[in-house]
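Handing you a structure now.
As written, the chain order gives the labels A, B, C and D, with residue 1 at the start of each chain.
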Amino acid sequence: MKRKLKSLLLVSLALMMAFSMVACNSKPVETNDDPIRIGFFAPITGPAAADGLSTSNSAELAVEIVNGNGGINGRKVEIVKYDDGLDTKQAVNIAQKLTTNDNVVAVVSGSYSGPTRVAAPIFQEAGIPMISGYAIHPEVTQSGDFIFSQSFSGAVQGKAGGVVAVDMLKAKRISIIAVDIDFGKELSESFTQYVEANGAEVVSLDKFAMSDSEFGPVITKLKEEVKPDLIYMANYYGHGAEIVRQVKNMDFDVQILGTEGIDSYQFLEIAGEDAEGVILTTNMDRDSEDESTQTYIKTYTEKYGLIPDMVGASVYDAFQVLFKVIEEVGTEPEDIRDAIKELKNFRTVTGVLIEYAPSREAIKPVQIQIIENGEFHYFDRIEDLDIITPVPK
Amino acid sequence: MNEVLRIEGLKMYFGGLKAIDGLDISLYREETLGVIGPNGAGKTTLFNVICGVLKPTEGKIFLNGEEVQGKSSFEMARKGVARTFQISKPLRDISILDNVVASLGINEYTGFKSLFKKSHSKETVDKAMMILRRTGLEDFKDKKAGEVSLGYLRRLEIARALAINPLLIMLDEPCAGLSNFAINEVIELIMQLKEEGKTIVLIEHNLPISMKVCDRIVVLNYGQKIAEGTPKEIQSNQEVIEAYLGEDDDFA
Amino acid sequence: MYLIVVSVNIGIFILLALSLNIITGYAGQAALGHAAFFGIGAYTSAIMTSNYGFSFWISLPVAFMVSGIVGIGLGLISIRMKDDFLAITTIGVNFVIVALFQYSSFFGASLGMTVKKPMFFGMRMNTSGYLILITIIIIITCYFIHKMNKSWFGLALSSIRNDEMVASSLGIDVNKYKILAFSLGTAIAGIAGAVYAHHMTFIYSSDFAFTVSIGILSMVVIGGIGTIRGPILGAILLGAAPELFRFFADYRMIVYGGLLVLMMRFQPQGIFGNDSFITRNFIQAYKNIFKKKVGDIIE
Amino acid sequence: MLLQQLVNGIMIGSVYALTAMGATLIYGILRILDIANAAAYAVGAYLGWYIYTLTNNLFLAFFLAMILTGLIGVLVEKYIYLPIISKPNVITIVPLITSVGLFTLTGDLLRLIAGPNVKSLGVKLRIGVLQIGNLRINPEWIFIIILTALLFSILWFILNKTKLGLAWRATASDSEIAQAMGVNINVSMALSYILGYGFAASAGIMVGLLYNSIYPTMGDIPSYKMLAIIVLGGLGNPVGTVLAGLLIGLSETLVAAYIGSIMPRDVIAFLVLIIVLLVKPSGLISKKNA
């Protein structure tokens, strides 16, 4: 018995040693002929695979275009892509692999809050800058000064939603339907705060689980008892589409206001005609005159046969930011970080990036789009810095 | 104080079904009591009630003068009531030896503390081997119980009951489904137990066996005792013959 | 570093598989909600260290206790329900507990919980630290299970697994032992949870969902149920699979699913189970070379 | 409003019953908790969608997809499950894990073949909204309810009025005795899978139609929810399954309407399950009095 225990101990010690030996391989010296390696991870399999596809397409498109133009300062860009399956355990493995094995100079997250949140501290510790495309968890950028977010914080977008509801649409009685994850929580909280401070009333709040798809009971209740004049949907395209379908099915005459969560061609596909007239806050203006926006929309549609959406555009922008700063300061991670901090008034496909807030979240105008004839169109835009600057918590 | 087991006014109802309906039985030290009766007479139910598997609807059970009805099965086992099952229930995926060792542990299953006490001590294994030798299972000790034939499983049932070193052994049709040869072996084993002075209750459908083995026989029908006496008396009891007529060819 | 991180994750799963094996492998009770107890341990220790400032080292035994105590509840349920009914009820328990994490603000609700990395003699625990810690816990657990197998406790569980009626006829208090088995298994899962929470530094309700329970169970069964080596090797195999199959890229989940089906189709006793192809041949080879008694090497 | 909510609950409950019916039929004979039934649900939905886009005929899509999925079911039963359960000493978890593997495999295969994006059926039914007083029932629901009733009637007919059904019921109550009486249990097993996967497929198409969306992971929620329903219904009991489906549909709807968001929808099913089983450990209708 004793002997067996001893051998077990020895074996495990040997294993640990072996692991640390492999782990300690030193970084090869970088030369100018090597491509610039940028890490990327997204949920390519699993329940968020559609968003994974959209972001991974956009990431590849961004790299393809920059390489087509001769790369950055003559060096090609190479993308190191991983699938996290929307699983935090895999995200930790990936982050560790990217920081120690893959020699990437920077990373873009094309994933949701969970995986991005667990990966962020690892990149922070390794001193490799990460830009998160669209993760909304407030703690992502709090991991440290190497972590940036390309999307609005939940607080900004919720407040912008409030502006649309109260100031533009003059709603008085508002019902909220929110998905019960960080996205829905952050948005509905700051939305409620703005709405109630500006003379309107939130008359009901219904939370539901990510996996939920049946909204008949809630819409029935809203129609027959609550009778709001506006429904604010802090949720994703699947839920959103079902809500607008139910509303139309029940002949319920109410304005619907959505968020970037429904900014997807899949929303249009599922909801069809029922989506007409839905207004949403998002980051990409489809009617923008900006050349880069139109180029992105056009090349993406041609290449993949799909209509680009908010998550893809955000990831595409994150790559544009990286290309820009690497072109200016080279590939040292600290320099990249400093340059991102200093970046001002940079034109991206989602409008002009004014700068990164001290909380390292992008400050950019909130686009208000309306669905007309089965497409997203310009409705309005919020550029008021008081609204679009994130307030540190 | 020779009375090991006394049953008073025992009733066991399943909804409307009266499986046992007012039964009084006494059992004395070193006696072998046979319980016979047609199918559905309530024999196995009686066993299950005595062993604590079922809680009686009414009535009392005394074991060595102590009231025990309604106690759970493991408590009855610890009080010295060992049983075999009509359909052999070996612990299939462990060895024959372990099956017997498990039975030897009757006083060792103390809960969490039993984690720190080794089961296969030399003393225990020796004891188990002795029982295996007695029941003729020695050669199969390392075989899994699920892999041996029915005849050996019956012996295993008895070996397990023996290992408990019981006050009272209850055998539920130990010969059912066996060949004549195997039946004789089992009978031999029971006779040995008798000689050692064990107190035994035997359910046996095969009447000649009961007649041969038992000191006293109780006949059940529809949950009631219709006769009681020595094998000789039972053999000539008109009521018993009627209850069995056409029921069982073995009765002759 | 990457390998160490992967190893820590695998180590956590080894511990989970070993602990589930006490309930399912040794006591023979269906348990499809093991991840819930993993979660209870994780949240218990996370709340203790992050909200109340306790040391990680104190939170470990507390996580063990709390999970074990909740596990008693599951044991009580197992007295009332059997087999497939019990199996599905444990799934239900998994869902209810995850919902509690998801909906109660005490557990961080929909924002999850951020966990501070623990200190060890004034140094921040790094990944290698976790690897050493989890290895030590695994060794202790293995030793403990080995001890259990040789004790009356183990024999009682074997009896219950085979036939509860027989077990009680041998004087075994079946209910008590079932509760003990559930509570021990879930308590060890609680420790795994505590290490996990501090290793990941962020936990969220869905980390402990039903699919995780199924994953743990698959490890036990694929490896070989009712043995010590089975769950360990099963956890290594399935835990490393998502990483090993990375170069299949798009096909890796198909490979993973296909592997589960094929293994169950052709080796239902698990790859390293008592009756499996590998074990039989290994024993044969070992016997041929060393002419030793089989019992000495394979317990 | 209460009336409308009760109708909502019964409607969603009948879809649950239909979804779980396949698993019940399979459990009835093979005693397998077949999670892969949810894979059949997704495969059926995709087949239905594909046939519908080719032919533009909803009924054809519906029945062809059911039959095709049923046939796949027979292959799965014959080449995967049957060899596993006929091996000696196989613990009951083994088929369960096999089905988890099948489910994972199928879900990702669908993603690779059809892409991760949502497909919409885009069916516009030309029947109007049914309006009785304040009560409104949408055309999709009318279609689904009629079809569900039809399918359950067919099932009832097969099980109770045909020789095949008699054999099935005999096998379900005791396969050994059935075999001794000359019932070919292989046929009963095959019937279980044809009907089981066929029903799952029909449920998949209906839900696809109802929410106008078909996607690779659509089976995720049914995969566990149907387990709750079949256990609640007494495991392997078709009538119990219908009752359990309705009970869960109603509970979910009423909780969502009157209590609000105290817990996720899926949890309600399991809470109902746990409560019912604690009171009655063998489910709503236990096997014995089926």
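In the analysis below, a contact is a pair of C-beta atoms (placed from the backbone, for glycine too) under 8 Å apart; a residue touches a chain by one contact, two chains touch by 3 or more.
Remember, it's a predicted structure, so these values are computed and weren't measured experimentally.
Determine the chain that sits nearest the middle of the structure, using the mean of its CA atoms as its centre.
Answer for the innermost chain: C.
By CA centroid distance, what chain is farthest from chain A?
B
Please compute the C-alpha centroid of chain A, do the same for chain B, then give the distance between them in whole Å.
Measuring from centre to centre gives 72 Å for this pair.
Measure off the straight-line distance from the CA centroid of chain A to the CA centroid of chain D, and report it in whole Å.
Centres of chain A and chain D (C-alpha means) sit 36 Å apart.
Could you please state the distance in Å, as a whole number, between where the Cα atoms of chain B are centred and where those of chain C are centred?
Each chain reduced to its C-alpha mean, chain B and chain C end up 41 Å apart.
Which residues of chain B are in contact with two or more other chains?
93
Send over the residues of chain C in touch with two or more other chains.
Within chain C, the residues that touch at least two other chains are 102-103, 250, 253.
Scan chain A for residues touching two or more other chains and write them down.
Each of 45, 180, 209 in chain A touches at least two other chains.
Which residues of chain D touch chain A in the complex?
1, 4-5, 8-9, 11-12, 108, 111, 115-120, 122, 129, 134, 136, 138, 211-213, 215-217, 220-221, 252-254, 256-257, 260-261, 264-266
So in the complex, which bits of chain C are touching chain A?
Result: residues 1-7, 9, 102-103, 109-112, 114, 127-128, 131-132, 135, 138-139, 142-143, 200-202, 204, 206-207, 242-243, 246, 249-250, 252-253 of chain C touch chain A.
Which part of chain D faces chain C closely enough to touch in the complex?
These residues of chain D touch chain C: 27, 31, 33, 80, 83-84, 87, 89-98, 100-109, 112, 224, 227-228, 231, 235, 262-264, 266-267, 270-271, 273-274, 277-278, 281-283.
Which of the residues in chain C come into contact with chain D in the complex?
24, 30, 77, 80-85, 87-89, 91-93, 95-96, 99, 102-103, 210, 214, 217-218, 221-222, 225, 250-251, 253-254, 256-261, 264-265, 268-269, 275
Which residues of chain A touch chain C once you look at their complex with the stated criterion?
Of all residues in chain A, those touching chain C are 5, 8-9, 12, 15-16, 19-20, 22-23, 44-45, 82-83, 85, 88-90, 92-93, 96-97, 99-101, 114, 117-118, 121, 137-139, 180-182, 184-185, 209.
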